[in-house]
Amino acid sequence: MITFSSTHLIYLIEAARWTLLLSVLAFIGGGILGLVLALGRVSEHKPLRWLSAAYIQIIQGTPLLVVLFLSYFGLSILGLDIPPIAAAGLSLTLYTSAFLGEIWRGCILSVPKTQWEASNCIGLSRAQQYRYVILPQAARIAIPPTVGFMVQIIKNTSITSIIGFVELARAGQIVNNSTFQPFITFVFVAIIYFAMCYPLSLASRHFERKLNVGK
Amino acid sequence: MSVNEAAGTRPRNEAVPGAEPIIVVDSVSKSFGPLQVLHGVSLEIERGTMVAIVGRSGSGKSTLLRCINALEEINGGTIKVCGHMVSMSDRASVKRLRSEVGMVFQSYNLFPHLNVLRNITLALTAVQKKSRADADAIAHKVLGLVGLADKAEAFPEQLSGGQAQRVAIARSLALSPKVLLFDEVTSALDPELTGEVLKVMEDLARDGMTMVLVTHEMAFARRVADIVVFMHQGKVWEAGPPAELFADPKTPELRQFLSSGL
Amino acid sequence: MLSYSFDFSFLLTTWPAFMRGAWQTILLAGTSIAIGFFVALICAIIRSGKNKLASGLVGVYVEVIRNTPLLVQIFIVYFGLPSIGLRMSAETAAVIALVINTGAYGSEIIRAGIESIAKGQLEAAECLGLNKFQVYWHIILIPAVERVYPALSSQFVLLMLSSSITSQISAQELTAEANLIQSETFRSFEVYLIVAAIYLALSVLFRVVLWAIGEVAFVRRRKLRT
């Protein structure tokens, strides 16, 4: 019988690179779309506000797993013979954008109204107001919750194992299938996740403290 | 510096002859870390009198009040309330103290999640084990006393500062304390709202309630208090009936304090 | 290129299975939320308490759970625990994993509420003669939970949605039902569209019910809105 060994551990760690890659993809894709959504949520145009709010509500009201299935089967309907990473990346991007959009909206709104008024008075256009006055201030406030949300992204990439994308959680299942030692295998999987997430959690808290001191 | 011999100068608040003072503070000292705030303060407060403690900020007057009510541990000296020694390490003494002394804070400290009625009845039912009906009756009575009979159902955030402070007074009053302590109760209020709170306190004084207040309202202290205590650098610098004290300050510090227009 | 034609006719025969799945998810999530709330409350009390050791242990629990995926937690409970002698049904394992998960998140939320209670409130309550237990109950815990109740509710809705992951150990709930239906009908996309709609409805339902519970539990919320 094969027992859990350092070979398995190395295999898990190598699979964790896919977890990280997928997390980065989701963060970049979700970040871009999320910024659009956040600006849409605070836009002067009612339909834009409404649309982005509806999008956020729908994604936040649906399990990521179901979004993943819809991406997976939806893409194949389009007749594309797509690799699992595409469906995984798409669903995580949709998911991430909804949450980051809502978080960043809050950050934009927490910039005092007087900043809008003051920048208006010196004749900046709305785009310039965002570019030079509002977003730089909102970004400062956004750092702690954004870093905190990265933890959620990393953890949620584990769900993509369900459609067969081989990242850390899926690698854990594969190892378990050959060793039949689920406890030790998944504890090691958990430890590797923890090693990736905990530093981000600490960083998020550190940034938050710094922000509060600066106030 | 004897406070008690000056008490009873006003007929309406005659001290009970021969009775022990209701509060006896004896050589109390108190430090916060390296900073000594009280340097051997002694003070006696007679039943039925209103004593106003005045002084600059940092003079230790609020700390003294908090020490009397066992919110701060004292480092030296003794405090006796209603004939019993009070020590924070002696829980029974603190428990007895709580039943005898009420306190009103600068920041009201009403409980935001309870309406006015429940703010007042909480201790009546939880501490004094009164029935809900009895507690409600008492609450309505004390609310009437502070002129807020119609606010029983309101929540703290719906009240003005003056109203909130009157509710806080009613809450203390409901427990029928023997002494009421007031810690700068009008300092957080807009000037136009201080009047209604001071009016309630004046009514209480007229009814013979023993009161100790830390205050910046010099005109009020002068008009209503039986004794004014001037604290300076953690000591009782001067004390006496307001008429004497204000007319003829003995120390340059008090003279300077009075002329600074506070 | 898009020659796909949608076909929802399977609903005619399978809708009872969808409804059963929705009901199972309500039960699974409802149970986990109810138990999870008490775990969260107790952990928050210990975490903000004076006992350094107990508080530290709860801190470790919270950090471990918050920094590892729910899916892996579920695997450890369902596949891992039997190997050290603890056997249970998939549903029991699902409830345990969800309770452990929500207990960790909930306790951090409630702890923030406890720490936001001003010191003056405690002093005022002490001066009224309330004993330590009464102060803790009336002046700290109840207002703290009231204050963080909206955040707590959001967390519970998230928990309901996350419960879909328990389909991976074949716990009976909505997503598991859907997996079964799609394997029989081969209308995968349509099946998960329906499931998404049901989850949306469930999240609205959970929000409404949690809101209603808040209205009953916290008088102030009810009074101040009118």
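Going in written order, the chains are labelled A, B and C, and every chain counts its residues from 1.
As a convention for this text, a contact is a pair of C-beta atoms (placed from the backbone, for glycine too) under 8 Å apart; a residue touches a chain by one contact, two chains touch by 3 or more.
All values derive from a computational prediction rather than experimental measurement.
A linear topology is adopted by the chain contact network, the touching chains following one after another without closure. For subunit C, the chain whose average C-alpha position is most distant is B. Of all chain pairs, the one linked by the largest number of contacting C-beta pairs is A-C. Centre to centre, using the average C-alpha position, subunit A and subunit B are separated by 56 Å. A separation of 20 Å divides the Cα centre of subunit A from that of subunit C. Computed from the mean C-alpha positions, the centre of subunit B lies at a distance of 48 Å from the centre of subunit C. Listed in rising order, the residues of subunit C touching subunit B in the complex are 118, 120-121, 123-131, 134, 138-139, 142-143, 146, 218-220, 223-224.
Within the complex formed with subunit C, the subunit A residues making contact are 58, 60-67, 69-70, 73-74, 77-79, 151, 155-156, 158-159, 161-162, 169, 172-173, 176, 181-183, 186-187, 189-190, 193-194, 197-198, 201. Across the complex, subunit B meets subunit C through its residues 69, 71, 95, 98-99, 101-103, 105, 107, 109-115, 122-123, 126-128, 153, 155, 157-158, 168, 171-172, 175. Taken in their complex, subunit C has these residues touching subunit A: 1-4, 63-64, 66-73, 75-76, 79-84, 157, 161-165, 167-168, 175, 188-189, 192-193, 195-196, 199-200, 203-204.
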